[in-house]
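Next, two complexes with chain A in common: one pairs it with chain B, the other with chain C.
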Partner chain A sequence: MNQTRTIKVENIARIEGEGKLLIKVRHSEVEAVHLDIFEPPRFFEAFLKGRHYKEVPDMVSRICGICPVAHQMSSIHALEQILGVTIDPQVRALRRVLYLGEWLESHALHVHMLHAPDFVGTTDVIQMTKTYPEEVQRGIKLKKLGHEIMTVLGGRAVHPINVRVGGFYKSPKKADLADLIERLKWGKEAALDTIRWVSTLPFPEYEQEYEFVSLQHPDEYPVNEGRLISSQGLDIPMSAYEEHFVEEQVANSNALHSRVKERGAYLVGPLARFNLNFDKLAPIAQQAAQEAGLNGTCNNPFKSIIVRSIEALHICDESLRLLENYEEPDKSAVDTEPRAGKGYSCTEAPRGLLYHYYELDEQGLVKSAQIIPPTAQNQNKIEEDLFRFVSENLEMPKSQMTAKCEQTIRNYDPCLSCATHFLKLEFDEE
Partner chain B sequence: MTKTTRGKPKLAVWKFTSCDGCQLTLLNHEDELLKLLSDAELAYFPEATSSHLKGPYQLSLVEGSISTAHEAEKIREVRAASKYLVTMGACAMGGGLQALRNFKDAGEFTSVVYPMPDFVETLHKSTPISEHVTVDYEARGCPVNTNTLIQVVRAFLFGEPLPETNNRSVCVDCKKLGVSCIMLDQGITCMGPLTQSGCGALCPSFNRACAGCYGPRKFAHPEALERHWRQLGIPEAEIARAFRGIHSYAEPYRNHTLKEEAKVDESN
Partner chain C sequence: MTTGSVIKLPILIIGVGNYFRGDDSAGLLIAQTLASKNMQGVQAVEFDSDGTGLLDLWEGVGRVILVDAVSSGNKSGRTYRFEPLAKPLPSSFFSTSTHNFGVAEAIELARALNCLPSRLVVFGVEGTNFKMGDPLSDEVESALPYLIEQILDEVEKLKQD
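So, the complex of A and B:
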């Protein structure tokens, strides 16, 4: 083996956005791991300054076409905190279903189109349709169910237009939801079958140590509300986020990297939510997890494909319940008046915790804004995982190593549009 | 060869500065996409596949605006490798929401977001694809309208007819659908009169003003609409912000905003 080896992936495939990977090995020791995000910066925090609070949800939606609802929800909750708004319980329920629709779409996409090809050894889902036609068709239908939830409640699946500070522009009629209700009943069965299928995929024996961070709510699986907790004992209100987490800029990346101040790298997303909130999953999802061999704990990042599928089942179960109990609210939104102040919100995007902070002036114009997406929070942990994987597998042939590194990255479903907002792989030996 | 050895035309999908939403919109139409791919080869689409066939390509779909020196170079390579080039969405067509920085000092913007701005490589402006290379068709929307896009893709891959074009505004769609006028009813800025029809008056159907996702139609006249807004008593600041949206850098809004900024500078 050469004394110095460089693994370089120029544009990592099947992730959201663009990035590259550089790993340097010298004298059989990993010297450096850099996940370079080369998504060009788009300066959202800068051009939000001077905008009226009512314009913010539509603007931040454009940060990410995969999780627009997440950005809309984090911004709306932060702004409503400033404006002193209390929303109607039915509006709250609809927001939750809309957000879960985005989770379902994102998870079904990642499980079937981005992640599964790694386990079955194909380059993409198109190849997979030849060997797994039924599984792929089911996955596509689940994904469609996700975007139809978003279309019915939000107007369209990418950059929904129906959400606003205070509620919705127009609330759906009960009759509008009948078709979704029937399809969610199918969705529960389909998600169960998906869990049974993905739990038979070949998983390496590989456990990581994580500090998991997610929201926690007393009665619900975390989505829009709750306290911020971690597996290392952190338990804080959202407003204390910046006291406990720091964002740092690193060379060669347009994404800022986050860490827990006292300790270092941490992980947000489905694995974190699952490990910290297992008892809040729908009973049917808990049972399916146990049948898949996960008793409330999962530290194997490759198995995140099972966890996403378990969340998909939870999504269908909970959305079904919420829509069956829906009554049209008297008003689709509460009126809001400008007020100066500061607001903080964390919500659970499909990929994990998404922090938004705003300060408004007395006219309701944005004085300052800060947005910390899940991928920026996970980047340190992804690099640590790659560091360990390469260190333990130095004798692995080049092409296999490259493929495994890419898979390691995809385990975390990174979204680079958000993190600057990611990646393709080239393997080079010096 | 723009075709594979089996005679299938090669399709490539490229991303520049953007949110990935247009590519996702394409993936959201899996059935049409899979049907299309039985007769064409997906030669490059990193978000969906790790396989990569070399060019030339029969058709390249391009998402996003040009905002770095690397991108300005890459788009010329994409053009050179493609028989036809079709852009998807508002960023590619007008520079996108991120083009709002074109009216300010990009250096100032970088320092708001990044503590060490020197590490960040960016051009001063986010610009449309058509400012860099010849574009064969611009598919509109934020996100792109997939029905139109699939038709356009079939047209350039298989020689089927292009979608019909018109110069109708969103207002025409509101009237057709019987949606009552949001601008007059609510006394708020609505981009509908200037905006190219194509979304089926989505926002007005949800009881809100058009945000102008599909961009200015031909002969759009911002000054006339502004006068109308003033008559409705809409505050000046609100009027100024209305043009600084998803298509701020598309003409005629670009020139309009630059003129307005020059007036503000003079009065200071």
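So, the complex of A and C:
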């Protein structure tokens, strides 16, 4: 190998958003790996100061075109904690379905259009369509089903406008849901077909050691509520988030890196939820997982494509059940009055834990806000994975190395639109 | 109602962009202006999600006009008109979207799946300010009225089809 070599590759494809990856190799040893992330949430934290709490959910939904509901839900739960609000059980169920609709849209996109091309040997989904037209069509239809859930419950699919502190502006009539119920029945079958397909893809024998972190609820697969737990024994209320997790500035990166105070890098998202909450998945999803060779444990990041597909099946199954049992609430929303205080919330965005913190004054104006998106939390772990991969494959030709680094990043489905600007890969070797 | 509406009118105008990234808001601002004109048979929507969502938006609509910001290194404020049914878009032109699966990729995916609208015209405006929190540049702001006129002319042409 040459002693001095610099490789630059711009625009890593097929992830949500853009960012920059820098890999430094010195004398045949990897010195550093930095995923450079610009964080719009920081911009929003400043932007939210002085705004009325009722404006917050619609404002934060603009942080991301892929995860608007996630930001709405984390903000609403934190604000409702301050205001002492208890919502109607049917409103709670509708929020859950709305959020699961966002998961479905995100997972269907990543599984079929962004991640699958890595396993079938094509450069992108446009190429893949030639050999897998049925699978791509199914992915688009599943994504569209998520989009329809968000349209019906959220008022529109991108940046839903029907969500408010205390509930919804307008709750749907039972008749409004009839079409969705039929479509979700199709969705269950389609998600099963996707699990069967992705479980036959070629996976490398590759396992990572993870500290998985997710919410855990006693009766449900985690979405909006629960305690924060980890595979290393963490078990805390959401309000203790900042006592156990820290964000640090790292050289060569704009982004703050999260870690568990006592230990280090951790992972949030579908793999974490799956490993920590397997027994809360719908029985049909548990069975499909077992048939796909996953008995409740998965430490292979490449197989996250199967886990997302299993979650897609769970989403359809649970949403179907919740909508079939839906009764129109007496009131769409609980009235709220301004109150000073601090509120904390973690919810499960499609890509994992999304933390929002707010402090309000007596008039209900935001005094301070903090938002920590899942991709920023996973950044350390993605870098560790890249570090290991590059260290083990230093002799690999440049083009192959670049492709494999991109694939490693895609395994984690980073939503860099939440967390970055342009993604460029810079390989700096001496 | 804007994005996500199920009402399908004969002509759909889609403005693509991001309000918080300076010149990338151009498409959204144009869609907003055109929506406020309440033109008969024309729906204008704002769109800032991933490109595959465009396929859902134009499903069942025959005539579509799409407008987005462009970053190709040309002079700021320059406007473009493309007919992607005849020739694929230069994908590097539309890479400023916050999502890598952008306009050009969505059009090519739709082509591969045979679900392009029967008429599709794409307008672009060259920008320079794309960072989060950037303001709209003077050049792009000045180009917006001209681009809106161009789009209104295109609507008239499409109505004749």
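Note that in this section the second predicted complex is superposed on the first by the 405 of 430 C-alpha atoms of A that agree within 3 Å, B and C clash if a C-alpha of one lies under 4 Å from a C-alpha of the other, contacts with A are read in each partner's own complex, and residues count from 1 in each chain.
By our rule, a residue touches a chain if its C-beta (ideal position, glycine included) is under 8 Å from a C-beta of that chain, and two chains touch if they have at least 3 such contacts.
Only a predicted model underlies this, so the values are computations on that prediction, with no experimental measurement involved.
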Partners on chain A (chain B, chain C) - clash or fit: clash
Chain B or chain C, by number of chain A residues touched: B
Which of chain B and chain C A:Val334 touches, first, second, both or neither: neither
Touched partner set for A:Met396, first chain B, second chain C, both or neither: neither
A:Tyr169 touches, of chain B and chain C: first, second, both or neither? first
First, second, both or neither for A:Arg156, with chain B first and chain C second: both
Which superposed partner A:Ile126 touches (first chain B, second chain C, both, neither): both
Contacts of A:Ile181 with chain B and chain C, given as first, second, both or neither: neither
Chain C collision site on chain B, chosen from 110-118, 128-136, 218-226 or 254-262, when both complexes are overlaid on chain A: 128-136
Intersection of chain A interface sets (partners chain B, chain C): 11-18, 38, 40, 43, 62, 65-66, 109, 113, 124-126, 129, 140, 143-144, 147, 155-159, 417
Complex contact set, residues of chain A against chain B: 11-18, 38-47, 49, 51-52, 55, 58-59, 62-66, 68, 109, 113, 117, 123-126, 129, 140, 143-144, 147, 155-159, 161-162, 164, 169-170, 249, 251-252, 254, 256, 332, 406, 415, 417, 424
Chain C-facing residues of chain A, complex: 11-18, 38, 40, 43, 62, 65-66, 109, 113-114, 124-126, 129-130, 133, 136-137, 140, 143-144, 147, 150-151, 154-159, 417, 421, 423
Complex interface listing, chain C residues touching chain A: 1-6, 18-20, 47-50, 52-53, 55-56, 95, 98-101, 105, 108-109, 112-113, 130-133
In the complex with chain A, residue positions of chain B that touch it: 15-25, 27-28, 30-31, 34, 37, 42, 46-52, 67-68, 70-71, 96-98, 100-101, 104, 106, 108-110, 112-116, 119-120, 122, 126, 142-143, 202-203, 206-208, 211, 213, 238, 241, 246
